[in-house]
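Dumping the structure here so I can ask a few things about it.
Chain naming follows the written order as A, B, C, D and E, and within any one chain the residues start at number 1.
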Amino acid sequence: MKPTKLSSVLSTFIFCYLFWILFTWTFTSQELIAGAVVSLLVAVLTARFFIHENAFYLFNPVKFINLVLYIFIFLKELWKANVDVARRSLNPNLPVNPGIVKVPVSLESEYGMSMLANSITLTPGTITMDITEENGKHYYYIHWIDVSEKDREKAGEAIKGTLESWIRRIWK
Amino acid sequence: MLFAFAGTIGVLRMPDAYCRMQSSTNIATLGTLGALVGGFILALTLGNTVMALKIIFIAVFIIITNPVAGHAICKAAYKSGVKAEKLICDDYGRDFPNE
Amino acid sequence: MNSLIFVSIIYIMLALALCYRLFKGPSAVDRVVAADSIDLLTVVALVLFAVYSKRAIYLDIALTLAILGFIGTLLISKYLEGKL
Amino acid sequence: MLLLNYITCIILIVLGLYTIVTKKNFMKIVIGMGLLDYGINLLLISVGFKAGGTAPIFTINELDRSSFFVDPVPQALTLTSIVIGACVTALALALVIMINKHYGTLDTDKVRRLKG
Amino acid sequence: MNNIVLLNVLILIGILVSAILTVYFDDLLSSIVALGAVGSFVALEFILLHAPDVAIAEAAVGVVLQPVIFIVALRKVRGLENEEVFSLFFFNSIFNNWLLYSF
């Protein structure tokens, strides 16, 4: 167990305090002081589970603007996939051909990989099942509702689309 | 609302368990998010900012927590041996057999 | 304001339709997925009713359900996987 | 509206009692106790309901002058009852685990026969 | 006001259907999942009766805590049976192998 750094404690404290203010939304002095004490306690206790890599990474303004842009891109992908799956399930013939494919991914940061896996799961039609590591490269196992490509690289292109380059722009 | 309807129909009609999970994510994303955004706009026009903020938080937490449950239940379904009817290709079963 | 109640009635009817899958589902995984979707539809109906009655405190219940509702699914999947 | 509530509560209580009396599995008996808890809580809350009232929790400036509350006393009672119900469920499940460890079964008949 | 009555009736039907399913299932895991669905509907009914604090406690206990307790207990109970079966199987396989190798 590594000793916790001061910077990770500080960034966790800022995160928790922001959440407290957004939840209560009343600016009397009692509530602000109580929130500071509680979030400081939480930050000291849980900072070593919460931040593994460089703290203050997301305070870089370019990365933050990229994160906000990524949300809009992701909403567009979500809309397309939703229309596709809804049309499939309302069709009386039920045109599905499911399968599980193995897809290589070329991200390095932990947060980036988990964010890509969550994005893939959240779009209807694809669910990430597992992540493995084979000699330095990471692979996803993805259950896909409409397998059109059996090759790994092409399937990866068809599933991930533009999401991976955007995530690489955020997390290394 | 249309998407939640389509998702429910999909859950009722799909042939095996994995496809049913796909339709369930269809409910979870646009079926709920559409109604939540509608409630958000209505609360803003009523001039009630606390309510609008809480609706935003509900949407954010649904987005964060739903894929975690998705991974876990899909992996558990495969490990506990639920049969899928017609798989085109099955890399996971080839790499980890007998599980 | 009456249309909010109408929309939430439709969501509750969808949840009742999911109860059929809860009854029919051949394995436990289908039932778990159906129960999770029932939770989400309940959250949406709750939010709509809170906006209808203009009280901000009713939204806390929806917040609780949305944050904590996935823990049951996670634990059941751990149980099915065999390591708890 | 309230009549249907009462009918539903009574059906829930009867379902819980039916499960406790007739099922042979210990876990199923504890599940029946949970159902009975739900029925009683719903009955207590339905007694205190008045049509058109709002909740008895408020911050200042949120309510009109003409609005009135539903009865807060059954809500306080029910809040205690829910917590006690959760504790009773946990204790009953601990007893079930100990019974299973001693007798090696969950069937009520076999446990009684071993004891007799 | 009429629509709220209709909503109430639908939620009551949901409670009844889930409760009957809870009693009907023979499998314990399915029964626990149906109990969670009952808790979710009951929380919605409490909100319709204007009792938010009770509904918070009900949502935390009925949807999260009670299935968690039940599943941990089920794991304890089933774990003993599975371990016995597994140890017997393991012993048999070792015994067979020993027979094979001794010849």
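Here, a residue touches a chain if its C-beta (ideal position, glycine included) is under 8 Å from a C-beta of that chain, and two chains touch if they have at least 3 such contacts.
These numbers were taken from a predicted model, which means no experiment stands behind them.
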Once the contact rule is applied, which chains count as partners of both subunit B and subunit E?
C
Sorted by label, the chains bordering both subunit A and subunit C are B
Look at all chain centres (mean of CA atoms) and spot the one farthest from the centre of subunit D.
A
Compute the distance, rounded to whole Å, between the mean C-alpha positions of subunit A and subunit D.
39
Whole-Å gap between the CA centroids of subunit C and subunit D:
20
Round to the nearest whole Å and give the separation of the Cα centres of subunit B and subunit D.
30
State, to the nearest whole Å, the distance from the C-alpha centre of subunit B to the C-alpha centre of subunit C.
11
For subunit B, jot down the residues that touch at least 2 other chains.
7, 21, 28, 50, 57, 66, 68, 75
Could you list which residues of subunit C touch at least two other chains?
32, 50, 55-58, 60, 69, 76
Going by the touch rule stated at the top, which chains touch which?
A-B, B-C, C-D, C-E, D-E
Can you name the residues of subunit B that touch subunit A in the complex?
2-3, 6-7, 9-10, 13-16, 18-19, 21-23, 25-26, 28-30, 49-50, 53, 57, 63-64, 66-68, 70-71, 74-75, 78, 84, 86-93, 95
Going by the contact rule set out above, which residues of subunit C touch subunit D in the complex?
53, 55-58
The residues of subunit E that touch subunit D in their complex are 5, 8-9, 12, 15-16, 19-20, 22-23, 28, 31-32, 35, 38-39, 42, 45-46, 49-54, 57-58, 61-62, 65-66, 69-70, 73-74, 76-77, 80
In the complex, go through subunit D and note every residue touching subunit C.
54-55, 57-58, 62
Okay, in this complex, where on subunit A does subunit B touch?
22-23, 25, 78-79, 82, 85-86, 88-90, 94, 96-102, 117-118, 121-130, 132, 141, 143, 145, 147, 150
